[in-house]
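Both complexes shown next keep chain A, but they swap its partner, so chain B is in the first and chain C is in the second.
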Partner chain A sequence: MTEVITAESEGLKQATALPGEGDLDLRGLVKRYGKNTVVDHLDLTIPSGQLFALLGPSGCGKTTTLRMVAGLEHPDEGQIHLSGTDITQLRTFRRPVNTVFQSYALFPHLTIFENVAFGLRERRKKDIKAKVSRILETVELQAMAHRKPAQLSGGQQQRVALARALVNEPQVLLLDEPLGALDMKLRRQMQYQIKQIQNELGLTFLHVTHDQEEAMTMADKIAVMNNGRIEQMGAPEELYESPRTAFVANFLGSSNLLEGEVRGTDGDVVVTEVVGQQVRVPKDRVHSAHQSVFVGVRPEKIHVVEHGTAPDPSENEISGIVLDSSFIGIGTEYVVTVAGSFEPMKAFVQNRSAGARLAPGTPVSLRWQIPFTFALDGHEDPHAGEGSAVGPATGHISVDADEMSARAKHGPRK
Partner chain B sequence: MALTAAEKRRNWTPYLLLAPMLLWLLMFFLAPMVTLLMGSLQSGSFTEGFNFTFEVSNYVNAIVAYWPWFLRSIGYALVATLCALLIAYPLAYMIVFKAGRWKYILLVLVVAPLFASFLVRTLAWTTILADEGVVVGTLRSLHILSPDQWLLATPVSVIAGLTYNFLPFMTLPIYVSLDRIDKRLIEAATDLYASGFRAFRRVTLPLSLPGIVSGMLLVFIPAAGDFVNAQLLGSVETQMIGNVIESQYLRALDYPMASALSVILIVLIIGLVTFSMRRSRADELL
Partner chain C sequence: MTRETAQRPVSQLNYSPKRERISGFFGRHIIRVIGALATVYLLLPIAVIIVMSLNKPAGRYNFTFNEFTLDNWTNMCGPYGLCSSVTLSLQIALAAAVAATVIGVLAAYSLSRFRFRGHGSANILVLLPMTMPEVVLGASLLTLYVNVGIPLGPLAILLAHIMFCISFVIIVVKARLAMLDANLTEAAADLYATPWRAFKRVTLPLAAPGILAGAVLAFALSFDDFIITNFNSGNAMTFPMYVWGAAKRGVPPQVNVIATVIFLIVMVLAVTMSIVATVRENRSR
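Right after this comes the complex of A and B.
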């Protein structure tokens, strides 16, 4: 029986030796638990050789998706293709994919060496000793080879889990929040190490995380998942700079989203009206089929100048009054009330120029380059994805939390 | 420097804390063992009284006269232990992995027989295995038993009785050790190319070994010393050492002989258990 498996997975492996042939393709995947649709017609292509992050809040169906790829869960609808071969019906142990489990799931009765050798032994591989030693060296655990998992620290166990999967050279390595249990410093270190290993081995990594910062630092490409669907997919910069939905805009970093109306076009910009002021949005950054839009800009793209400073035609401008400012070391966060908008705007300004902070009550202009503006569908919930983001990059998430409680008192705008 | 009252009290604290434990050992373990040992070295008779004469010949006589009974007891107990294991393991496995919401109901059913007295349960088996009973009838109609063969009063019925009576003590520890296994480990094994059977062989089975070892001890030890099953389900030819000890105590009233037999049985069991634990290195698992 084992021979058949070996032959099969070898066959799959050889078929994918060509570059660009190892793509993992999820087509219309659906998974329901009772009435609850956990994964909802999910389409996703993970290109071969990339570190691909599946990012989404807790409970959005990431683990379920990963388990379907591993074969531990059976999809109710849809197919999974690996290098063009339909593996939807293939049993778990025949799939050329390996998983790094969230809980590590190391075998407590086996030594580290035997844990790592497990997959190789099952497939009757040769040179097990050399292969295991080499991978243990890669994760810097040679000295631990004869210990049991319980004798290792959390970080070391995590690396064993990684080595145990990697040693099999899977076509796709699935990582389910592999760093979730580690402390901040160790997590940073491992993020770097995992990326390093991925680069060296050139394997395809599908990395699941709810930490937007982790996804952005590590991944070549990110798919943002919400409620069992992919909201948007792209390179980290692309997602951050040009979100297509309110969820993405809020989940990756934070965004100012203001209600607006499309008024017309002017060359390759769309002219919108926001709180009675004109805001210009590049055409390719408008993701709305309606007249009503949410016009967005990231807080750190905005600079705050005192009212009356001469305007710059390459910039958008909205005027308001400083409500609050807080000093966060590397920058200052301003909360600015804008006449005509219930929502205040946030601006994150780096402390590059000397001079006092603008005091609350100061009339100011908020200005930013036109290309940094984006427009979203006005029928969306502008608060989608807020508060579910983890790992503040610069500290403005904590301000979000305060704001959330303020909003909770007033109720949602829509 | 004189010790203050508080310091004196502190010196005594560990002993005070250990006292209940020591008392317990003394009362329930040491005292009976010493009495038994002393008794086994006495001489005399019930009517004339027994005296402690360091009568080692009691042991020689016991072994010479009753070694077949010892052998039979160990043999029956071993077979019953293996039968119990073969029944209990699949049963516990099914309860843990397949029963779903029936899990706890099945678990109650496993221990349910313990609510009836040992004697009553064993007597029930005399009916089940009787010559006119269902089991014998079925086996005869299937030609597994010929019409002039029977089950009751054979080694088969004694071993069946032992297996049945001690089965919960095998099932429960195996159930516990299987239930404790993190199911994600089995998933991890299949993710690492192990088929269902291989995952069982390399993960589930080794992780349930502690349960198997405790279960085997819990069945083998009482089975080796049992006399009820042999008495109710067996015949003269299937008597176990427990029957001999019982009749020496209660009928022959030869207390030294009965004590010597008991001591030999205890030593034999401890020896066998230690030997097999060493051989299988099972102590590392516990």
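Right after this comes the complex of A and C.
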């Protein structure tokens, strides 16, 4: 394995051990198709050795970005630097990056061995047999070396595509929705396997996906993309716990966003008024330049208590009436109407304590720790990014049906 | 729904024992009968050619079966000019097939892989020679040759054949290329293959069946062509022209022998290819 780690680059001769060596750096990238700006002045630095995910709904420009790094698309503006060298003008076959295509794009007329050996042969490498055998071992496909791609299952083909790219020891491995065609169980396995291979080899992976769960499971760092721009970038926990835009708040998991007004500050917290009740937000979690804000909290942070329970000063509290509840095994989802808000609030209560579910019509208090509260720009669309997330994420709440009925009742809100 | 059906009297159901017997018979045999008839219809002319190649004609015309003989086969080149016309046709067909295939493959590749100005019109223009009536094409070619000063004869024939064969090669190869995943060339480029290497190692082998089909088609079209050739041959005589000329005096049975030989060669090639394909599939399984 050690030999694989010593990545050597053919296309680029560079001084060794520069700071930022192996970093992939995108500066002001723009790509237009006709009048459509698909990638809009994108700035992004992907540090060497990371598994970096570009996450966004289809059409957000993430695949175009990846293809520009691979050299398969040419940017209209901006530069791409790899290890400090400008590769913007370098043609695809000279770039020290390799791609795992969404369709795998395995050569149907070549055996698995020859598919994997393709890049090595093109660069006239030595010890092709040993290198190919070793990488096939890594992806557990030695036995399939002499078969043709059509004789392999989808998951096996996926691993061949991975091996075919990895065997070249690229400075950056590009993965374009690599698990999209696999079923749920296999996808989980592959997520784990890819993550492990990345750890072992220490290569930089740029992973493009629309699956927020996949991105959070695998990536060291995620950039959430929307409309050709990066909405927010950070570690999965950071994005999830402290979203800066409504899009991120809704696209990763789900969020309660309630209209509110900033009323003042009290030490480290900003005091807001939401539906006539006071809600405190930590200062560093307020991302709005305006008085009007959306105050947000994730459904699973909330605990639902019957009205009249003694309040806790370390918690925010909003009272409402249970509209609906559904038991989903690991917990209960509550939909709670709040006086003064068109949107009901969602709360997810873990199945940890005995006792009956709260019946619809019960007056309740929704309570959560102040540090879980965040505030977003009040001019945003509070529904941005909703419904574009995929997969019924276990542990996350999805009350789309309720929202639909609520919206149908009250009409679209802006 | 089901209850209603059950309550309906049996006589009203869409069922009678007699009808079932007939439809059963047809269901089992009608397709075979039609298939057999169609096959006979297709192969009968060839059968006649083969049979008549073994005939000893009573007079000048080889129209009725008179007497069995192998003379025509042992004395293939008997009639004056027959074998030299076959040789010329084979030479022209081979050269035309090779040239048309090379040009046609390149054209098909660029038409299917690149978008350039005039792409749409080029797509249509390359097919034009195919849609033109051959008589018109032949006549206008004659005018062209005379004006440009190209002597009529084998070269003029070859140039004409290459021209009309290209369209067919383009159609066949383009259809094959359209079936290939466009990502494959990108994958090759991503794996350090220059555009030429990608073409050679990925596109070409995958398009090979289409290219071969195009080449065979071009060969057959050229070998077979009479109308255009007739305008531009000068003194040269191709096999179709020999047959045309001989028809006026009575076609010698050796023509049937030549036709039978060609048929047998094609059959052997087809059978070999299908055997090779089967073997290859079994081996890779």
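A few remarks follow.
Following the convention adopted for this analysis, the second predicted complex is superposed on the first by the 383 of 414 C-alpha atoms of A that agree within 3 Å, B and C clash if a C-alpha of one lies under 4 Å from a C-alpha of the other, contacts with A are read in each partner's own complex, and residues count from 1 in each chain.
Operating definition for what follows: a contact is a pair of C-beta atoms (placed from the backbone, for glycine too) under 8 Å apart; a residue touches a chain by one contact, two chains touch by 3 or more.
Bear in mind that the values here come from a model prediction, so they are computed numbers and not experimental data.
With both complexes brought onto chain A, simultaneous placement of chain B and chain C is prevented by a clash. In the superposed pair of complexes, A:Ile370 makes contact with neither chain B nor chain C. Shared-chain residue A:Glu122: touches chain B and chain C both.
Contacts of A:Arg147 after superposition: chain C is touched, whereas chain B is not reached. Contacts of A:Arg164 after superposition on the shared chain: both chain B and chain C are touched. With both structures placed on the common chain, the touch criterion links A:Leu323 to neither chain B nor chain C.
Using the contact criterion defined above for the overlaid structures, shared-chain residue A:Val271 touches neither chain B nor chain C, since it reaches no partner.
Under the contact criterion defined above, the residues of chain A that touch both chain B in one complex and chain C in the other are 70-72, 91-94, 97-99, 101, 103, 105-109, 118-119, 122-123, 164-165, 168. Across the complex, chain A is touched by residues 181, 183-184, 186-194, 197-198, 201-202, 205-206, 284-285 of chain C. Contact residues of chain A toward chain B in the complex are 1-2, 5, 9, 70-72, 91-94, 97-99, 101, 103, 105-109, 118-119, 122-123, 164-165, 168.
Taken together, the chain A residues at the contact with chain C in this complex read 10, 70-72, 91-94, 97-99, 101, 103, 105-109, 118-119, 122-123, 147-148, 151, 164-165, 168. In the complex of the two chains, the chain B residues touching chain A come out as 182, 184-185, 187-195, 198-199, 202-203, 206-207.
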